[in-house]
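In structure tokens below, several structures.
Paired with subunit B in one complex and with subunit C in the other, subunit A is shared by the two complexes that follow.
Showing the complex of A and B:
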């Protein structure tokens, strides 16, 4: 394999590893750090692509990804969750680490099979399935977790997957930069505004159960 | 038959046999340092061994002949492994062609199963507890090992550890391939579990969390000495395989001479000391996981092993 593809492959596997970490972690702070690391790796990947393709657009995008996704959003998220009373960990996930880790691996394999059956002929390059796998990991996280904060992190992972897919498969498309910027803004709005509304107005299902336990 | 090769063969077996207690001694000493104790001498395992071999052997009432025989058979299995895996030579020595990775794994399995049978045979509750715990965790450890073999086979196209060593030494891109990095990580996690290190097991007699110690509870005298020696040999062998086949395949002299093999013993010792130092650091910085969380730990190791094969499937290269 030539060195360029090798870097893309290594960073891709790194992103996959962070996805596995996110699936098996139940504490909120490490989850935020994990998704920040994932975004940082994505920024590195974009930076590498910008370098190999000599594209200033993607270089700006790489900088934006690192600043917004790896620094600003985790920072805002951490500030937001301070106001939640039950913020340190997701309770139900703690006893299911084995199940979550194995489910993540199983979901990755299923996602890869689906990709092979559907999109592989359109995107034949090696590693093209990884963004799709990451997307399924984010979906799995949304489906298996009941804590809102963790679900937001799952959503951020899905956004990462979309940016990853764009970087790997459609970096030359005209609207790519705009869509990624839109997703960045959406992420900030989600963690900055919607989360606080949810906290003040509806609460989370898990929170209600914990309040009851606390008496 | 080539005399040179036979001498190297004997040398390798002797290395494992005689240096494995030293490795355990150094490990114990360094661990003591990280706890601000001066610790026992690095030669303490040899003294322990001499003491065990002198002491009277007591057999529990109702134990079968297996109780005394099995430790020695397991000893033979470990000794056989020591002449079939790359320890002090990067080229195959005469017996190496008898087994591949899977064969080595089966020999480890044979020795482990015998130790378990002996523990059950003793009729002691503690020993049975250690055995049942070991088996329930092995149910997660063994699949990882098998998948690690698959991943190695994927990288080289063969299941021979010597080929893996040569390929990794020759090709940086094979060494840096995601499959190899992931499988090395998975094997390292498994190594920590197999040789009874933190975060899985804390050395010494702590009855609530003991796995390895529990199984030896009823043994005494020579049989206990041999079982302890088995444990040290297992640690030495697994660490050597981890270093020479996965993590640090470089540095061995390839000439098929006795002197090169002797020099390789020095190279191996340096690598092993670095690894043991790293393990001591790890032990000093992390806590033991709860007994029921060991399964989670092994599940992560298994996931890494699966991902290594997955990475090959997705990326199309080893």
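Showing the complex of A and C:
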């Protein structure tokens, strides 16, 4: 295998491993560290792609990924935990960890299989299925977790998947840098604004019975 | 004067809400309200001229119009204008609002701008940015009334809609990787050969944009956000945000040949029918009248998606249904706002005898309930009838049967619940209705008149534009 492709595939597998780790963790601090590590690995991968393809756009994406999703958002999330101890772990999560981990492995296998059956002919690059698998992992996290901070981590994972896919599969995608900046803005809005409103207005939302929203 | 080719009109319709947004931030009493109203009216005027002149073509690399965008522009700008008008009345009744009037109107303008921008760009990537922009602009509007349930609803809305849109973005990556362009007009003119990646892209776009349309099973944000948002914003959500998200999907769908591949048609029918049936049955057990209206919107969007799938006259019916529903549902939400302000609750079982306390609101609410559930002679009836006829003509008898079931169940559910609130006799200890609570129904009646007019007459310019829009997507006129 071409050494360049080997780097892309190896770091890609590392990113997938962080995704599987995130699914099986219920304490928030390791989850934040995990998604920061995933973003850092993705930043390294994008940096490598930017170097080999001489692409300034991918270099900007690498910088954004490291600064926003490996440093800034994880920092804000960890401050939330320090300020509010009740946010340090998902409520009633201990019994569900095994189920989450098994579901994550099953979803990864299914996503890989679907990609190989439908899209592998168009995207022959090594590790081309990994962004799709990562996207499914992010969706799974959003769908199966009820804790607000864990959902933010699921959202970050999805954004990582999209950046990964854009750089690996469609590097010339127009306006991609602008789209990623937009997603980052939304991420900051999610974390910064809504979390602070939630804290001010509802106190401890995960424990509150939101009776009116039933049905 | 707006040039007949639309070159001026497209800029006016785009810049008017943007200008209103900027002016709304001026910290001087009344400026935000006036700027938003004027901006909305200017945008509506420009959209009407664009529709009347049949504006189509491209301006620069990224801006363009055709009959489909002309029709949707009129819907969005009209409901933006009526919501801007109704907002003042609604805001007066909000105690301890989370947003100042300046920020509220600025976000309202930004929300409308994002929808309008989605409709006037030709690039699928920019359309995606427009749809995501609607989430950013509108999420904080949901929190206006500072309730814990509002915050939870805003959170669910932002997160679920964004998750869906990430899938839609992945679909666009596939379109670009397969065709080398994201120009929606160019792709529709030179449709690529059907291949597995293209079908996969359209299927992912259906799931992605379908989340924002409120399709089952990705609909869970919809009843929360629609019911917790202030009524003028709920009117924009139900009336035009869901159709704008469907518009973005239609632009991806339009790259497929006509008729679409069987797999995609089957997917659309399954999602549409499932949504219509789930919406119709879930609205039966709602305790909040705003959630009732939200599930009704879900049912209508499901029926419209089936119309798109079936093509032919059903596709024309789907566009007519979306147009009439936008006006009817916004009318229903304005009435719901009046009732909420007068009674202080959205609980259906707590509200009785509205006809005496709020006679004008009751009349408008009953009529709008009929209109949103497809009662003749409203435009929604004609739209739903054409979709059912289209299903029968195409030999999809079981689809026609299930559509009729969903329509009947929703009709009975919505009208019986609203009828109970209007006609059920009040308990002797019931409090008096606040003075002035029955004002502001003129906007509701105006929108109802439009929903009625498209059902009983072939409106000049609109009918032609609807026919041309249906033809663009491979549909046929009745």
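By our rule, the second predicted complex is superposed on the first by the 194 of 215 C-alpha atoms of A that agree within 3 Å, B and C clash if a C-alpha of one lies under 4 Å from a C-alpha of the other, contacts with A are read in each partner's own complex, and residues count from 1 in each chain.
The criterion applied here is as follows: contacts are C-beta pairs under 8 Å (C-beta built on N, C-alpha and C of every residue); 3 or more make two chains touch, one makes a residue touch a chain.
What you are looking at is a predicted structure, and each value in this text was computed from that prediction instead of being measured.
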State whether subunit B or subunit C is in contact with more residues of subunit A in the superposed arrangement. C
Taking the superposition as given, does A:64 touch the first partner, subunit B, the second, subunit C, both, or neither? neither
Touch test for A:175: subunit B only (first), subunit C only (second), both, or neither? second
What is the contact status of A:188 with respect to subunit B (first) and subunit C (second): first, second, both, or neither? neither
Could you tell me if A:112 is touching subunit B, subunit C, both of them or neither one (first, second, both, neither)? first
Residues of subunit A defined as touching subunit B within the complex: 1, 3, 6, 9-10, 12-13, 16-17, 20, 24, 97-98, 101-102, 104-105, 108-109, 112, 126-127, 129-130, 133
Subunit C partner, complex, touching residues on subunit A are 118-119, 121-123, 132, 135, 138-139, 142, 148, 151, 154-155, 158-159, 161-162, 165-166, 169-170, 172-176, 178-179, 182-183, 185-186, 189-190, 193-194, 197-198, 201-202, 205, 208, 210, 212-213, 215
Show which residues of subunit B lie in contact with subunit A when the two form their complex. 173, 176-178, 181-182, 293, 295-296, 299-300, 302-304, 306-307, 310-311, 313-317
Residue ranges of subunit C in contact with subunit A within the complex: 98, 123, 125-126, 128-129, 132-133, 135-136, 139-140, 143, 146-155, 158-160, 162-163, 166-167, 169-170, 172-174, 176-178, 182, 196-197, 200, 223-224, 282, 285-288, 291
